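A short write-up of the structure that comes next.
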Amino acid sequence: MALTLRDLLVQGAQMALVLIVAPLLTGAVRAIKAHLVRRQGPSIFQPYRDLARLLRKEATMAENASWLFRVAPYLIFSATWIAAALVPTFAAGLVFSWAAALLAIVALLGGARFFLALAGMDVGTAFGGIGASREVMIAALAEPALIMIVFTLALIAGSTQLSTIAEFMQTPAVGLRVSLALALIALIIVAIAENSRMPIDNPATHLELTMVHEAMVLEYSARHLALIELASSLKLVAYISLIACVFLPWGIAPAASGWWELAIGAGAYVAKFSVCAVALAVFETSIAKLRVFRAPDFIGAALMLGLLAVLLRFVSQGL
Amino acid sequence: MSWPAPDFDPVPVILACPAVAAALLAIIPSYRFSAWLNVFASLITLIAASSLFTLPQHAGDYVLIDNLNIVFIALNAFVGFTTSIFSASYIGHEIEIGRLTPAYLRFYHALYQVMMFGMNLALLANNIGLMWVAIELATLTTVVMVGIYRTHEAIEAAWKYFILGSVGIALALFGTILVYMAARPIVGEGLDGMIWTVLMQHVAHFDPSLLNVAFVFLLLGYGTKVGLAPLHAWLPDAHAEGPTPISAVLSGLLLNVALYAVLRFKLLLAANAHAIAPGPLMALLGLVSVIFAAFMLYRRRDIKRFFAYSSIEHMGVIAFAFGIGGLLANFAGLLHMTMHSLTKSGIFYSVGHVAQVKGTQKIADIRGLTETHPVLGWTLVFGVVAIAGLPPTGVFMSEILIVSSTFARAPLLALQLAFGLLIAFGALMWRLTGVAFGEPTGSRAPVKASYLPMFAHLALVFAAGVFLPPVLVAWFQMVARGLG
Amino acid sequence: MHGASFDIAHLLAGALVLVSFMLLYQDRLYALLNVFALHAVVLAASVAWQAYVQDAPHLYVTVAIALVLKAGIIPIALHNMVRRMGIHREIETVGGIGATMLAGMGLVALSMMVMLRVTAGADPLAREDLAFALAVILLGLLIMVTRRNAVSQIVGFMSLENGLILAAAGANGMPLVVEISIAFSVLIALIVIGVFLFRIRERFDTVDVHALDRFRGERL
Amino acid sequence: MTASPLLALAPPPLAGSLLAIAALLALGPLAVLTFRSRLSSGLIYILAFVASVTILVAGATHLWRSDSVESLTLALGLPSLGAHFRLDALSAAFLVIVDLGAAGACIFAIGYGRHETARGRVLPFFPLFLAAMNVVVLAADAFSFLMGWEFMSLASWALVMTHHRESENARAGYIYIVMASLGTLALLFCFGLLAGSGGGYDFAAMRAHSPAPVAAASVLLMALIGAGSKAGLAPLHAWLPLAHPAAPSHVSALMSGVMTKVAVYGFIRIAFDLIGAPLWWWGLIVLLVGGLSAVLGVLFAMIQTDLKRVLAYSTIENIGFVFVGLGLALAFEANGLTAAAALAFTAAIFHAFNHSLFKSALFLGSGAVLEATGAREMDKLGGLIHRMPATALAFLMGSVAISAVPPFNGFASEWLTLQAILLSPQLHEWPLKILVPGVGAMLALAAALAAACFVRAYGVTFLGRPRSTDAADAKETDFFSLSAMLSLAVACLIVGVLPGLVMDAFAPAAQLAVGAHMPAQIHDRWLSIVPVAESRSSYNGLLVFAFALASMAATVLAIHWFASRSLRRTPAWDCGFPNPNSITQYGAGSMAQPVRRVFADFVFRAREQVDMPAPGAFEAARFRVDVRDRLWDALYAPIAGLVAFVSDKLNYLQFLTIRRYLSLVFASLIALLLALALWP
């Protein structure tokens, strides 16, 4: 595979795209949620304004914060960004997709979380610890579930390369499969859990004892907070892209396709994106938050579903 | 060895030297001088014994020299010599602290030489009656020496030893008579019926049933001396209550001598096609001893009694190996016997000094030895590690050989043996942990120990674990082949 | 060996077994000692007969030892001891006299079974003799094991030893018989002396009455 | 490959290694003689370092040149057998693993060892321990192998007993040595079976003769018990979390990072090399045990409060990973899927290599912390990132690597293991089909929990505020210790970035073990690793690293150009209620609480007890957690109880009267006579 200008452009566009749409997604979901509860919410562009405001501000940092506390936002942001950039959004055959198959994307997100949790513990406050301990507990269940989903996909498509999977998903060879359905449900649960959405966590709350993600980032301010907020938006984008790419693969431009197909892909992506945003908002408004220690049951269900999906695949492939 | 003239016959020296020394020592009242004389006599015996290797095999009416007993005699003389050195310093210390008075010790060295004489005689004897007499002589001498402290416990131990030993004596004698009875119709009346080499020639025609009964009695009779369970009862107390040099000699030598007797009769029986196979019986007793002693080790509170049980275990291993038989197992059994003698007497040397410096034999009262007395402590650690069968020691080698050679033939037996060894290992290391490590207790006074015997023994054990000289290997293999 | 001598030897050996049973039956110390003296006498007779039959005069030494020491000195000494040390006159048994008698029967049967398997080709005298000797030895051990008094245990050991002497004397031409019997006599003497010396009143196990309550060895 | 002239000059690797081993052995006595001198420590460690590097170079040379097998027989050890030594690709690979860790530990110890209070208890045994491990790897006959193996246990036992005054350590040493002995006996039986009745105890003879199926299965089980107990496989792991932390830290690093690899080597040597063709269900057993170890190990690591014990339990997890790889390799090999077997095998050995790097780094880091603060309890630590920045950095890199975060090496090998699992639908046997996904889930769970575990370990130890004055006054450790830790940490990164190189280096070992090796990775584009085919999966650590660096740089630049650069230090916000007391932080126990709760009943049987005083009462509320190890309760405690019971019962036999003893003799006599009488 030679590097062509087109491939590089597509990859670059993808990187830029995810970065740009990330706050939009957050804003959109908030706006739709506000609308659903008959509230006049902020504009869907509010997150951009927030980010700009945060970036302008002077950063404050706890006196005993270490270098890790300062470095972590950059690490978290770049890891998440890479991960999001490697999930095909509008075009398959991303030039660097072979650098990191799906498992690596999962791991990159895991790495981001690793540093986020560490950053939460750095200042030495009770809240940071609460957030970190709960985050790692949730992740410890969500990540294996995600890996099980990856297994399912990999077994169906014969690859852990997302581009390959996406292309395969568009072929009739896929058919309707129970394991795919199970994997989809599991993936949605994982996505909810990993992005600290309802019912695991409430992204809008600072109600102290129930928060997870917000508790970890409590000490961050200004540009650091901006990076972390952006990173979590990116993560949501990555998950939605993942769901879209695997389960709604239609319209994704195949590798080495023309500009026209790319445009179709972009259009399809926007459509899928919107659908997902609406769905997420509807889901979140229609559900109550779980107690923290009920969350493992919820995520555990995803793990079980994922395992079941893999088992079905393992068994049926031998037939 | 080149220095002895070819026509020099060491046998009379081996026998006469201890006897003469015993007589001399009996009339010398000075303790110090007699200790040195004792060492000297043992050295002469050792030199004479080591020149045996140059001698051709020969068998007379009373004396036999073959490959088998040379090994035993050499080992006997060596450990007898090193123990005499140890004994000099040990007893010296006991007199210093007044635990023993010269009056008690009046005949100690004479008895020591009598015992050596008895053992050498038993090993050299070609006459099974003579062998019996010699072993009894050695046993009775040790009975007296076990009781030398004249404490209540010591006397009780000696008494127990005496009574159980006497019954053993009786059983062994009956077995000897039975062998003679079996031989009489074939080899005729008189001395011939008791000469081992003659018996060996004709044993194929002996009445097998009679031989069977004889072996049962001999096995139990001499087995009592070997300390095989369930005939072992005298052994732990005798080791624990007697002076430590005697414990060392008991474990290192007397048990071997008794085992030697059992071996001789095993050979006899094995040569008769119709008699029961003696091997399985020995292996059975050996196995029972290993497992029994292994469990017994856990509840011991007296350090010398503890190692006495370990001796039971190892005698069990050796009996097991010889019982299994075959070139490899016999070789391993011989090796194990040698290694056990060296290691166990080495351990007793250090335990003796430990008990002296700490003023107690209670395991619970001896702690952190490597801290308070590093040299003594680490020597003990090395000894226990060796006796537990860890590398790089000869015991490791022989145990591996025994287990693996058994395994090739009787896997289940090997498993049981390994089980026993593991249980014993657990006990040994547990006690070692307590004694050698942990917060130190007791006296930190420097110890006037004679390290030489310990170091010599343990160095040999170590060297054997790494490299066995081909000469020795060849010799052992020759013996092992002879043991069938 | 002709029929009559064989029968007499047989008779005497059988008598020894019978006396062993009598030893087993006793429940009084003095009676036990008396019966033991009888045991030694029967042994002496048996050995004397062997000496005569085998034409082995050295065996008369053994006879003499048996008569003088075992039938005379030792029982008398033990009598004295019992009286002087105030030992209970009754013999404590394990499992009762009846049971031990039964066990004794079993032992005799066992020794017969073991010895009669010896091929008929072997010397019949030796064979029968050995069977009886084995029975005596086993009965002696049984006495040692089932009697609690030191004195009766000594008696058991001595009767065991008598069985050995019987076997040794019956073994034609066996060397060292006399030496062995002397050695054993010394052994027994040592045991008796030991009992005196260590004031063993009741059992072999405790060498001093004052020590009954003290811990022994391991027991803490 | 072209051998450079320098390499050509070197002595043959095997002979060179043996000489170096001999030198190490000689260092033991030397240390005994000199340990009182202040210079001794440095000298011994430097010499040990030189010897380790020599062996390392020898192993690497062998691998690099793809040398043919070298053999050597010395007239030592068992007389009829001699001591056989052999250097093949497998040994060479493990020589590299062993001596890389050893070299790191030696450098660390040059500094660390200066503070050792009981030099005389460490110095003599340390080189012996190194020598023994190398002997095991090079041994080519059962006796030398077992001798090295047991000597390795012995030497490490002595090291565990260094600080013997603490009763915990003594207990740890005891359990360790007994378990080690059990393992050795199991291996002895294993070799006994392999040797067969012919009794060929050199490996060549064992290879030549393949055992019958039942015997072969027993061999495998015995090897699993023998090597597994040393490696720390559940349920034979009980000794490991006790013993590894008890030793001085550089020794802990060796035991955890290196000695467990020697155990892995032992298993590989037996199960892949000596035993012959595997059966499919062997893989099943190994997989199950491996998966179980991975999950249990990390779960217990998660709830430990002692830093070194966390690391020790985490070793169990990683060994589980390695064994899953090996189990897969066995299963693939039995199914004739050699390429897949090679993948799984490479994954296993690669993970073993990686684990030796990061676990050594982590244990050394914990040693530095222990040295600086005197505490292993995480609840006495905290905030060390300020006081010991370099140690903190090294430990962070190690934690990241062990948590399988790309681009570090832990991720590469775990990724490879998961790839191997993805190939397993090709297996034919149903039980495997059903089990493998389950094991995959276990691995995934273990990996995720490992990340959680190290967030906790690092966060509590290095971040936050100090929980004790010792932690507050800690000093950065010395130059040698730092360089050892940092080199290992950097090695983790390099290997993670260039995994292909290492995998290629291990290819000959895979060829030897499973008869195939992975396609050479070195030729792949931009040094990515492609286990099967690019369309299937690939990973490029270099690119991920470059990406991460580039995007981070871009972000930093962008932020600094466009955003405010000012920074103000203020008190912590903490939702407006900051509490200066450092115990208000989350500690080791509280960090573990969520996970503990999730797995409370199932694994830990954790009982939480809260004593809340009545309103108005003045006593403090109490919270107590009681965690039990079910395996210990189910397996070890009963055995210990049984031994105690039997010894108690038998002990009556020590106090019988003479009459009763005589009865024993009498009974034996009667029994034997009866047997004779009834003999047909």
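Lettered A, B, C and D in written order, each chain numbered from 1.
Note that in this section contacts are C-beta pairs under 8 Å (C-beta built on N, C-alpha and C of every residue); 3 or more make two chains touch, one makes a residue touch a chain.
Remember, predicted model here, so these are calculated numbers, not experimental data.
Among the inter-chain contacts, the highest number of C-beta pairs connects A-D.
One simple way to say how far apart two chains are is to compare their mean CA positions; for chain A and chain D this gives 35 Å.
Distance between chain centres (mean CA atoms), chain B to chain C: 31 Å.
Put simply, the C-alpha centre of chain A and that of chain C have 98 angstrom between them. Averaging Cα coordinates per chain places chain C and chain D 68 Å apart. Within chain A, contacts with two or more other chains are made by no residue at all.
Counting partners per residue, chain C has 114, 117, 141, 144, 204, 216-218 as the residues that reach two or more other chains.
Along chain B, residues 159, 163, 167, 209, 213, 299 each make contact with two or more other chains. Chains touching one another, given as pairs, are A-D, B-C, B-D, C-D. Of all residues in chain D, those touching chain A in their complex are 382-383, 385-386, 389, 392, 396, 400, 403-406, 411, 415, 418-419, 421-422, 424-425, 428, 430, 433-434, 436-438, 440-441, 444-445, 447-449, 451-452, 454-456, 458-460, 463-465, 525-526, 528, 534-540, 543-544, 547-548, 551-552, 555-556, 559, 562-564, 566-575, 578-579, 582, 584-587, 590-595, 597-598. Within the complex, the chain B residues that touch chain D are 159-160, 163-164, 167-168, 171, 209, 212-213, 216-217, 219-220, 224, 230-231, 233-234, 236, 276, 281, 292, 295-299, 328, 368, 370-371, 374, 385, 388, 390-392, 396-397, 400-401, 403-405, 407-409, 411, 414-415, 418, 421-423, 425-426, 429-430, 433-434, 437-439, 465-468, 470, 473. Looking at the complex, you find that chain B touches chain C at residues 129, 133, 136, 152-153, 155-157, 159, 162-163, 166-167, 169-170, 173-174, 177-178, 180-182, 184-185, 188-191, 193-194, 207, 209-210, 213, 237, 240-241, 299-302, 305.
Those residues of chain A that touch chain D in the shared complex are 1, 55-68, 74-75, 77-79, 81-82, 96, 98-101, 103-104, 107-108, 110-111, 113-114, 117-118, 120-130, 132-134, 136-137, 139-144, 147-148, 151, 154-155, 158-161, 164, 206, 208, 218-219, 222-223, 226-227, 292-293, 296, 303, 306-307, 310-311, 313-315, 317-318. Those residues of chain C that touch chain B in the complex are listed here as 114-115, 117-119, 121-123, 126, 130, 133-134, 137, 141, 144, 157, 160-161, 163-164, 167-168, 171-176, 179-180, 183-184, 187, 190-191, 194, 198, 204, 206-208, 211, 214, 216-218, 220.
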